[in-house]
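Each structure below appears as structure tokens.
Two complexes come next, and they have one chain in common, chain A, joined by chain B in the first and chain C in the second.
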Partner chain A sequence: MLLNRASSGGRWRVRPDGPGKVTGGLAYLTDMTTDQMLYGLVLRSEHPHARILSIHTDKAKKLPGVRAILTYMDIPGLNAFGIAHPDQPVLCEERARYVGDALATVAADTLAAAQQALELIEVDYEVLEVVDDPERALLPGAPQLHPGGNELHRTVFSRGNVDQGFRDCAYIVEETYYTPRQMHTYMETEGGLFVPGEDGRLTVYSPTQHGFMDRMQLSRILAKPQEEIRIVSSPIGGSFGGKDELNVQPYGALLAMQTGRPIKIHNSRWESVRAGLKRHPMKITMKTGIDAAGKLMAHQVSIISDTGPYSTLGAEVLNFATEHVIGPYQYEHLDVKGVSVFTNNGMSGEFRGFGGNQAIFALEGQMDRLAEMAGMDPWVFRKLNMRQSDDLGPFDQPIAMTDGAKQVWEAIAKCPLWMEKQQLARMSHSGDEPWIKTGIGAAFTMHGAGLGVGIPDPAGGRLALAADGKIEAVFGYEEFGQGLLASLEQMLMEQFGFGAKDIRMIIGDTDVVPDSGSTTASRATAMMWKSLQKLKAPFSGQLLQRAAAILNRRVEQLRLAEGGIKGRSEEALLLSYKELAAAAGEPIRCETSFSFPTSSTERVGAHYMYTYSAVVVKVEVNTLTGRARVLQQYHVVAAGPVINPQGYLGQIEGGSSMALGFTLLEESIMEKGHYITRNLDSYLVPTIEDQRGLVEVEAIEQLPEGDDYGPRGIGEVGSVTLAPAIAAAIRQASGKWATKLPVEPSFLQETPFFLGKG
Partner chain B sequence: MGMNIQEAMASPLVWHPQTAAEAWQLKQTYGTEGIYTSGGTLLRTQWESGISAIPRHLIDLSTIRGLNDLRIGEAGLVVGGQTSLQSCRSNTLLSRHFPMVSEAIRTIAAPSVRHLATIGGNVASSIGDSIAALLGYDAEVIWFDGTTENRTLLSEWLPEASAAKRGNERLLLSMLLPFEISLEETSVKHDDKDLTMQMKRFGAYHKIGRREAFTPSVVTACMNGVLTHNSVIKQIRIALGGGQTVPVRLEKLEKEINGAAVDGHLLRHVYERIIELFEPREDLFASAAYRKSTAANLIVAELWKAAKGETKPL
Partner chain C sequence: MSEEAVKSETPYVLRCFVNGKEESIHTTPAARLLTIVRDELSLTGTKRSCEIGRCGACMVLIDGNAVNSCLTMAYQCSEKQITTIEGLAVQGMDPIQQAFLEEGGFQCGYCTPGMIISVKALLDENPDPTDDEISEALSGNICRCTGYGGIWRAVKRAAEGRRQTT
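Entry: the complex of A and B
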């Protein structure tokens, strides 16, 4: 089904958080202020790599209006954070490893005083050699950034014998692919309000993708029991993975506890660029061979990932990339190696696609090159080598079986845009502007959802009838623009029969919500769906039983409806939810908790549930300037039932617009560990002018009979296949294979044909 | 977005002179501590990035009377320097007679910026994207030197004004766009057989940035000329700029090709000479070589199109 307003009918709804967002009426957490609040700022390292000889704060402390200046000596608990492995200092003691490293934090009455105080803090550095190249970082003699060396993580996966496999190949493609350090570029930069309570508790109003993880990490830093910390984490003005890890929270929390006053911190864009996470730049080398019939014989991959100074989820991103360079294809022989390397460049970390974007650009590039070499249609070539529905996953692990791969493949094969490819005359010198050349390309993937084997991945939620008669849906997730609230509302209406006005949704507040796990890894909607499935019978049952008792009717005669309880085949309201809530009795409340389904394998990070997706794009290259434009996109996504059509479409369109930036525009340029692109006037994201073309999304909803996993994740798949599809389209248009992203205009520029040669 | 530290730290005095002479006097009084401003959009980016400090005194030129509109003068269309880019863009006189200037302004920044930014600021910066288009129409500038108003060709004023020290001595007031002589008045039509005397105007402005909108330019290129029916160039101006490059007219090349017929040989010559003559400044985002070849490609492609007879008369 093509997803759009017309095909969605009454399911196309205005999202509940929409009006507040488009009118500007909604207050984000970083918009909050309070009486008696102080301003917090962070002093960050001048150098990407330096030994800290001393930090003197005496002069700064004497400045009027300055209330606190904290250094590493003032941290009561663990001076480190990191979701997977806490190795990033909250405040550096001996050494700074990147330009975002924090040395001191200041609270003052005014922002100006705080800024002046930062300037008065005296730091003596001994500048150290900068490790800015992950390959050089692995050479003997390179400065070592951590006690364990410069390797954060290595991955290996192999099967058969690739050397033997290559000997049997008729065609072999060897290529190296490079992907950029992309920035999330959320509209709302990191920040928050940190309020100490009279009872000794601390309330943190600060965006994050997993409130309970922040609470645990802050508890470690503050040496304060988790119960004494409340994290309010939603609504968020965009995150895309970038606010998953702690950012300013440790400083706000430490300053609030130290001064006993509320602290406001809100990064400028400059500071956000300097300190914040980016997508891992990767260099992926692949050697892939096929036999004379086009069957994949051997696939050898080497991934080198620049993880920056500290861990955060760098190892997990590499695991994901390792799985996705194998992808949906079957090989006789496999040999995949990956390494994630510490450098003094910017912090790399979690970002929508999570290593899949880089992996799939390389893998799909290989498929297109091999097909061309063998003289085969690239889509037919993929079919020949694609997994069957009952095949094991990329790591030879059991996975939830669906026909997704085949369904997506077929939908692309018969879509009009793909059929148009055959008709495009390559390099025709006709028309008014013969230097403009057009091509069409496509790419395919299977994208894993959930955190994978070996990583705690809790899920769950709660439904209750509140005293005021509202149906309360309570989840530990965060709304960062993805449409989580709209999806939850729609599920409650469609699955239970409630009206929008009957519902109160409560999310992102650790004092109130159960731990539903992180709002990451394309998992939240699927886990809400599963929770509601588990809660449906008990919660509906309790409501109806209570109503039956009040109304003196049999439960089977009643149903849940908009506004309250109705008779099974009657339209009249028999009892409102308010009346139901007012009736005496035990509170009506149901809770569920479970874990994201995982594969029965030992392989850490291996996934169990996958979304299959592909995209066809039409691209125009102006060879006078070398600039490429995406004219049209056709996405096919097999992810089970569409929960919220508008949200689904928004996720695919939004993901693909980030991917367009990744492919054609975006790169955080660094020189010797310093950012060169330090603001949005030099780091360019796509504007609406860059993505004007038609975007169509076909959703394949069908799941195998008996599959009770429900909707698969769609938060990331829109962003992972576009780059290789654009590269394939550029190949058809201009005859060039792009191997480095973003594609450089100078690479695609040509001298006009009418100048002839010489 | 985020907490704005610069604004919290510094608040300069803002002066509102009523005349050019008052503005000039204020500038002399405060010297390097005072700076002329109009929309302030470019200055803001410089302060924020630390390229320049917020000065103690801002001399607001927008209050000077008579500089914020477009009017027809004796020598052409006078564009007041304090006219916002948005007003310029929506002005029908400008779009009818100087469409490439309107087009150039359309591509500058974004609507919010164009409402504040002025054409005078764009020109005074020496690197604004309207400049190549203005050069394409042989624009002049009217400026104040402390005592009198002066009129200079923009192409001659730019190298002077872009030299840092001189910038302070010259207060840009207005731009003057001479009306082009209409071809109907000059082309002599003896009879239908004498087609060689029929001429047409051709021209184009291109801004190539790093994305499709709201982008700094990498190359700006403008060409404006007259072609006979048999593709002989009767008049031509070529102006190139972009990024941090002060835009220039390629007058040497213009002389070389004036009177020549557009053919493969000439197109190759134009291409090669642009590569030789144009000296763009490079940065990490685009090399000088790319800027040269882009400018050369754009100009020869427009010439090729004009000679093919496919350009609509401007």
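Entry: the complex of A and C
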């Protein structure tokens, strides 16, 4: 089904959080203020790599209006954070490893006073050699950034014998692909309000993707029991993975505890750029061979990932990339190696696509090159080598089997935009503007959802009939714009029969929600769906039983409806939810908790559930300016039932726009560990002008009979296939293979024909 | 006002109209309108994101024109009519806001107030804009979430809606 408003009919709904967003009435956590509030700021390292000899705060402390200045000496608990492995100092003691490293934090009556205080803090540095290249970081003699050296993590996966495999190949493609340090560029920079309570508790109002993880990490830093910390974490002005790790929370929390006053922190854009996460820049080298018939024989891959100074999820991202450089194809011989390397560059971390973006750009690039070499249609080539529905996963692990790969392949094969490619091939590039050249390309993937084997991946939620008669749905997930609340509301209405007005949704508050795991890895909608499936019978049953007792009817005669209980085939309301809640009896409340389904393999990071997707794009290259424009996109996504059509469409449209930036525009440029692109004047993301082309999304909903995993994730797939598809289209248009993203205009520019002669 | 006076920290009383209401705000001549609106008037619908005039999250209307409030100084607002997102829904929601709701012209919503302000300025000036004109009017408003698909739909619907009612 082509997803749009018309095809969705009544299922296309106004989002429950919409009115607050279009009127400006919704207060984001960085909009909050309170009485007695102080302003917090962080002093960060001037150098990407330096020994810290001393930090003097005396002068700054004397400044009127300054209430606290904290350094490493003032941290009551663990001076470190990191989701997977806490190795990032909250406040550096003897060494700074990147320009975002924090040295001191200040609270003052005004922002101006806080700023002035930062300037008065005196730091003596001994500048150290900067490790700004992951390959050089691995050479003997390179400065070592951590006690364990410069290697964060290595991955290996092999099958057969590639050397032998390559000997039997008719064609071999060897290529190296480079991907940029992409910035999340959420429009709301990091920040929040940190409020100490009279009871000694601390309330943190600050965006994150997993409130309970923040609570655990802050509890370690503050040496304060988790129960004494409350994290309120939604709504969020965009995250895309970038706010999953702690950012300003440690500073706000420490300052609030120290001063006993509420602290407001709201990063400037530069502060956000400097300290925040980026997508891992990767260099991926591939050697892939096929036999004379076009069958894949051997595939050899080496990934080098620049993880920056500290771990966060760098190892997990590499695991994901390792799985996705294998992808949906079958090879007899396989040899994949990856290494994630510490450097003094910016922090790399979680970002929508989670390493898949880089991997798929490289892998699909190989497929297109091989097809061309063998003289085959690239889509037919893929079909020949694609996994079958009952094949094992990329790591030879059991997976939830679907026909997704085939469904997606077929949808692209018959879509008009793909068929236009043949016509383009036949048309010669002349006309009024011979420097404008057009091409069409496509790419394909299977993208893992959930955190994979070996990482705790809890899920669950709660339904209750509240005292005021509202149906309360309580989940530990976060709303950062993806439409989680809209999806939850829609499921409650469609699966249970409630009306929108009957429902109260509670998310993002550790004091009241169960730990439903992180809102990440395209998992939240699937987990809410599963939770509701599990809760449906017990919760509906309890409501109906209570109603039956009150109404003196049999349960089977009653049903849940908008506003309250109705008779099976009657329209009249028999009992409102309010009346039901007022009736005596045990509270009606159901809770479920379970784990995201994982594969029965030992392979850490291997996935069990996948979304299959593909895209065709039409691109126009202006060889005079070197600019490439995406004219049209056709996405096909096989992810099971569409829970919320508007949200689904929005995720693919939005994800693909990010991918367009990744392919053609975006790069955080660093020089010797310093950011050159410090704000949105030099770091360019797509504007409306870049997004004038038609974007269509076809959703394939059908799942195999008996599949009870429900909807697969769609939060990331929109952002992973566009880059290789654009690269293929550029190839058709210009004859050039792009291997480095973003594609530079200078790469596509050609000397105009009228200057060429002479 | 001279350059020096603008730069000075001397107290300044800004008299202007914000969402139709007369205000006298004690500030400095060079204070940014963005700070005044958010911090002094607690109108936090106007957002801050880049602070250098590149993202449009901070857009407000001054005498009907869309301007970046992060680049506007207090003295430039003297006696002006300033409209923030909060001032748009006078009797119920503005049809532009309604169109954004219905078409899904937002996700996180952080760019949305600024985006809607820019659309308002565009449609007030040009009720039947071409795609080129829409693109030009909104090219200073960055949306990171939607990919602009929903925004295109919302702007077209809003323009259509206006043409039908007038």
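Everything that follows uses one rule, which is that the second predicted complex is superposed on the first by the 749 of 758 C-alpha atoms of A that agree within 3 Å, B and C clash if a C-alpha of one lies under 4 Å from a C-alpha of the other, contacts with A are read in each partner's own complex, and residues count from 1 in each chain.
The working rule: contacts are C-beta pairs under 8 Å (C-beta built on N, C-alpha and C of every residue); 3 or more make two chains touch, one makes a residue touch a chain.
In this text, all values refer to a predicted model and were calculated from it rather than measured experimentally.
With both structures placed on the common chain, the touch criterion links A:687 to chain B and to chain C.
Shared-chain residue A:185: touches chain C; no touch with chain B.
By the document's definition of touching, both partners, chain B and chain C, reach A:268.
By the touch criterion stated above, A:627 is placed in contact with chain B alone, chain C being left untouched. Once the two complexes are overlaid on the shared chain, A:751 sits against chain B while remaining clear of chain C. When both complexes are overlaid on chain A, the residue A:695 reaches chain C alone and has no touch with chain B. Within the superposed three-chain model, A:28 lies in touch with chain C and out of touch with chain B [touch as defined at top]. In the superposed model, A:308 makes contact with neither chain B nor chain C. Of the two partner chains, neither chain B nor chain C is touched by A:713. Residues 187-189, 266, 268-269, 679, 681, 686-689 of chain A lie in contact with chain B in one complex and with chain C in the other. By the touch criterion given at the top, residues 1-5, 8-9, 45, 48-49, 208, 210-216, 219, 264, 267-268, 271, 284-287, 289-290, 293-294, 297-298, 300-301, 304-305, 310 of chain B touch chain A in their complex. Those residues of chain A that touch chain B in the complex are listed here as 39, 41, 110-112, 115-116, 187-189, 191, 264-272, 432-433, 435, 624-627, 629, 665, 669, 671, 676, 678-679, 681-682, 684, 686-690, 745-746, 749, 751-752, 754-756.
Those residues of chain C whose C-beta lies close enough to touch chain A in the complex are 38-39, 42-52, 54-55, 57, 84-86, 88-89, 93, 97, 100-104, 106-113, 116, 131, 134-136, 138-153. Residue ranges on chain A touching chain C, taken from their complex, read 5, 12, 14-15, 17-28, 31, 33, 184-189, 235-238, 240, 266, 268-269, 480-483, 646-647, 649-650, 653-658, 660, 679-681, 685-689, 691-692, 695.
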